[in-house]
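Structures given as structure tokens follow.
Next come two complexes built around subunit A: one with subunit B, the other with subunit C.
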Partner chain A sequence: MQIFGNFIVNFAEIIVLWSLFQLFEDLGGWSLNEVLFLHGLSMVMFSAGDSIANGVQTVPDLIRDGNFDRILVRPMSAYIQSMVNEVSLRHFGLMGQGLLLLTIGMVTVESTWTVPKLAYMVVVILSGAGLFAALFTVEAILSFWTVNSIEAVNAFTYGGSDLGQYPLHIFHRGMRFVFLFVIPVGFLTYYPSLYFLDKPDPLGLPGFAPFVAPFATFLFCGVVGRGWAFAIRHYRSTGS
Partner chain B sequence: MLGAMRGLVDRGGTEVTAVDEVSFDIPAGEIVGYIGPNGAGKSTTIKMLTGILVPTSGEVSVTGYVPWEQRRQLAQQIGVVFGQRTQLWWDLPLIESLELLRFMYKVPAARFKQRFAMATELLHLEPFLHTPVRQLSLGQRMRGDLAAALLHEPPILYLDEPTIGLDLVAKTRIREFLADLNRSSGVTILLTTHDLADIERLCKRIIVIDHGRIIHDGDLARLRAQFTATRHLTIDFDSTPDPIAQGDRNDLRIVSQDGPRVKVAFDRSIHSAPQVLAIMGGYGTVRDMTIEEPAIEEVISQLYAGSKPTGTGA
Partner chain C sequence: MRLYLELARRSFQQTLTYRGATLAGIFVNGIFGIMLASVFLALYQSQAGGGSGEVQGWSRDQTITLVWINQSLLMTVYLWGWWEVTRNIQSGAIVSELLKPYDYFSYWLSRDLGRAFAHSLIRGVPTFVIGLILFDVLLPETWVRFVAFLVSIALAVTVSFCLRFMVNLAGFWVLDYRGIASIFTAAINVLSGMLAPLAFLPEPVRILANALPFRAVIMTPNEVYLGQVPIWQGLGFQLVWICVLVVIARKVMGIGERQLVVQGG
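On to the complex of A and B.
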């Protein structure tokens, strides 16, 4: 049911996007097919990251109910135990839709698909999944201190995914800065797409910018990992 | 060897000192009762000993590990049972929870088989091995939790109120199991409880904590002696003796006189029980006598009453 609901919502988004392109010829120089490709790419990454971190998103509940205690008395990584605490299939709807859009985009855009491009796309999708999983982990980290006001982070998880579905250069430069150098979503969706779609970089970053995706994820995950370790040491547990 | 804690301080949610200058050593193989009223800091101490909580200051060493620094290594050395909260997976049958733990603790298959068979037999798990944990009775669940905590043969077992909410039969069964375990495998046990019968059955040594501070650490007998100087001696005479007037003796107190049965209270620092018996022999022929130990509940409540709330508040 939830899968179906998600599908309707996302499908409606695509209709909106399509109508938009009936009014305007392009979006910052990107055709409908190219934007669809970017949508698909971002959706696949987001849903994969969401799936990976599905259990991690239950950490606030584990903490509130005092069940995080039992995770800490076992000889296995607390992160992995949190990860497998809950496994859900709700992301497969979004993932399927993302893959569909990605395929439509790939077939309809006017760029040639080479083996290196395809190989790098696999790397980029994996890195993107890692980045979104790390973003969801930030929520979990904050819940060690404040159990109820972590929704602000959703602006970066869901917001990051939404933003990643559009060409970055159409946004205000402040936003661009945040989503490149603080939360490197832009390096996972937009920049690799410039390479996949053979488009020039209107923002003027160095030529290797499309290829920093795995490194950006690596760095981001490193910082988040530190945050997680710090949070565990400040775990307060609950009474009794 | 188990826990050497020096000057532990833990901060709770609002900078309340939960545990202050709690310091003790537990040699391997001992069973220690750790008791105190609600909110005294018992669970906080156990959580620091397992590495769940990081103390603000102080030292803890458990089998050579600093719990919060080497939490995962230590986890192999300890078994934990929280009476109020299961370590098992709510939706899984008991046997699958045990399988999962086998995987987590990397227990070799052959070893697991052996441990599993032993636990099943000693804790009588057979009838509900395939029942989801949420459907187990509290007593069954607790036995399941004990099996889970002991699967990886930890030399140390922490039990936080292991008999809470259980009926008398289930309590007794768990106590017997723990006593056997300690005797046969030398497992060191640190036990918190509100049921002092647990303590009496299992522990020679008790540590009493209140307001985050240790107010007693020593054996149960000494604690009793220290806090209750008064003993009761009940004497059955052959025939009803002449009424004993209280005025006769000011070193004894006649508590009651009911036919041939007379109950006297005496101060142990003045008289020994045989002396009292000799005195009472002057009133008639003694047929039988019993000495009543003061109830442990009484001892503990006197202990709590005597401790001052220091070290709380920020």
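On to the complex of A and C.
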């Protein structure tokens, strides 16, 4: 029922997007099919990352209840334990829908699909899942110090996934900078798509920009990993 | 009446308490506002004349204004994630609630109005200011329109509350409310004008939306603000729906109460 519900919500949004393209010519030079492809790509990454990090998202609750101490005294990585603390299938609907849009996009866009492209797409999707999982981990890390303001991270998790669904060059320079060089969502969705869809880069980054996706994730995960380790070291339990 | 005013006041103060969460929320609303506004700017840019023309009677600046009004209204009308009554029903606490010497519907309505007033001040105003600074957001043409807009927001909150209250009552009959929640969210997103002006939707959807109460929550305040509808017509539309929804909500509540069975109760 919940999967069906999620499907309805996203389906409604796609209907609105479709309606907009009936009235407007294009979106920053991108056709509806190309934007659908981008939507699909971003949704698949986000849902995969969200599923991986599902347990990690319970860390704020664990800390508040004092249950995080139990995790720490066990002889196993605290991260892996948090990760498997809760496993949920709630994002299978979103994932299925993302795959559907991705497929529709792939079939309808005017670009040729080659083996290297398809192989790289697998790499990009895995990297993207890693990036979103890391973003959800940032939320968990912040919850070691504050419980009130972690909603701000939503701007980067949900916001990042939404932003990844549109061609990056339509956004303001400051916004582009943040979502490329601070939180590299743009390198996971937009830039690889330029390569997949044979589109020119209006932003003028070097020619290898579409191929930095796995490295961007690697770097970002490295930083987040350090943050997690730091948080664990400085953790003080709640209660007495 | 004093009791309900007091309830609203308490709820107002309770909402003001969470400072950190408020700042974080404004940040999130701001980011989403910037994103949506940028998408519409790019869409208008694709038109002949570089976005100076109107689309379905909506100019670029009017559409941008709608985006920011919607982001600012988001928390005030609180369309998502309010399941207090459902939880009340599921936990069985509703039995003791119903015994208390106040009207259950009015109790929640006054609390919600207090909450909405606080949210409009601490979430709505700052979010709208972000939009005013960063984008060409239009201002209402006259003071009268602005005041009417404020009244329209209060009515929108009431319509929103009635809708939420009714969806919550589904808890009398179903155990898992999340499916219903999703369908409600989808309906709201499209049929209220939250994602895009209703004029941008295909004819059949538009006709459906105009016949349903959802548009009274989002579209009507926008139209009143932008001067796209006579004030009396906008506010009248909302008032009619409030009357209809209050009657239905109370009826459904009565039916639910009568067949309520609580474990251990």
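Here are some notes:
The rule is simple: the second predicted complex is superposed on the first by the 239 of 240 C-alpha atoms of A that agree within 3 Å, B and C clash if a C-alpha of one lies under 4 Å from a C-alpha of the other, contacts with A are read in each partner's own complex, and residues count from 1 in each chain.
Everything that follows uses one rule, which is that contacts are C-beta pairs under 8 Å (C-beta built on N, C-alpha and C of every residue); 3 or more make two chains touch, one makes a residue touch a chain.
A quick note: this is a predicted structure, and the numbers were derived from the prediction, not measured.
With the two structures aligned on subunit A, subunit B fits next to subunit C without clashing. In the superposition on chain A, contact of A:76 is made with subunit B only, not with subunit C. By the touch criterion stated above, A:23 is placed in contact with subunit C alone, subunit B being left untouched.
The superposition places the C-alpha centres of subunit B and subunit C at an angle of 90 degrees about the C-alpha centre of subunit A, rounded in steps of 10. Of the two partner chains placed by the overlay, only subunit C lies in contact with A:163; subunit B stays clear of it. When the shared chain is aligned, subunit B comes close enough to touch A:66, but subunit C does not. Between subunit B and subunit C, more residues of subunit A are touched by C. By the touch criterion defined above, A:11 lies against subunit C but remains apart from subunit B after alignment on the C-alpha atoms of chain A. With both structures placed on the common chain, the touch criterion links A:233 to subunit B but leaves subunit C unconnected. In the superposition on chain A, A:146 makes contact with subunit C only, not with subunit B. Contact with neither subunit B nor subunit C is seen for A:114 once the two complexes are overlaid on the shared chain. Of all C-alpha pairs spanning subunit B and subunit C in the superposed arrangement, the closest lie 18 Å apart.
Comparing the two interfaces of subunit A, the one with subunit B and the one with subunit C have no residue in common. Residues of subunit B that touch subunit A in their complex: 12-13, 38, 43, 47, 50-54, 68, 71-73, 75-76, 78, 80, 82, 84-85, 87, 101, 104-106. Interface of subunit A with subunit B (complex): residues 66-67, 69-70, 72-77, 233-237, 239-240. Residues 18-21, 23-25, 27-28, 31-32, 34-35, 38-39, 41-47, 55-56, 176, 178-183, 185-187, 189-190, 195-196, 200-202, 205 of subunit C touch subunit A in their complex.
Only residues 1-2, 4-6, 8-9, 11-13, 15-16, 19-20, 22-29, 146, 148-152, 154-155, 159, 162-163, 166-167, 170-172, 175 of subunit A touch subunit C when the two sit together in their complex.
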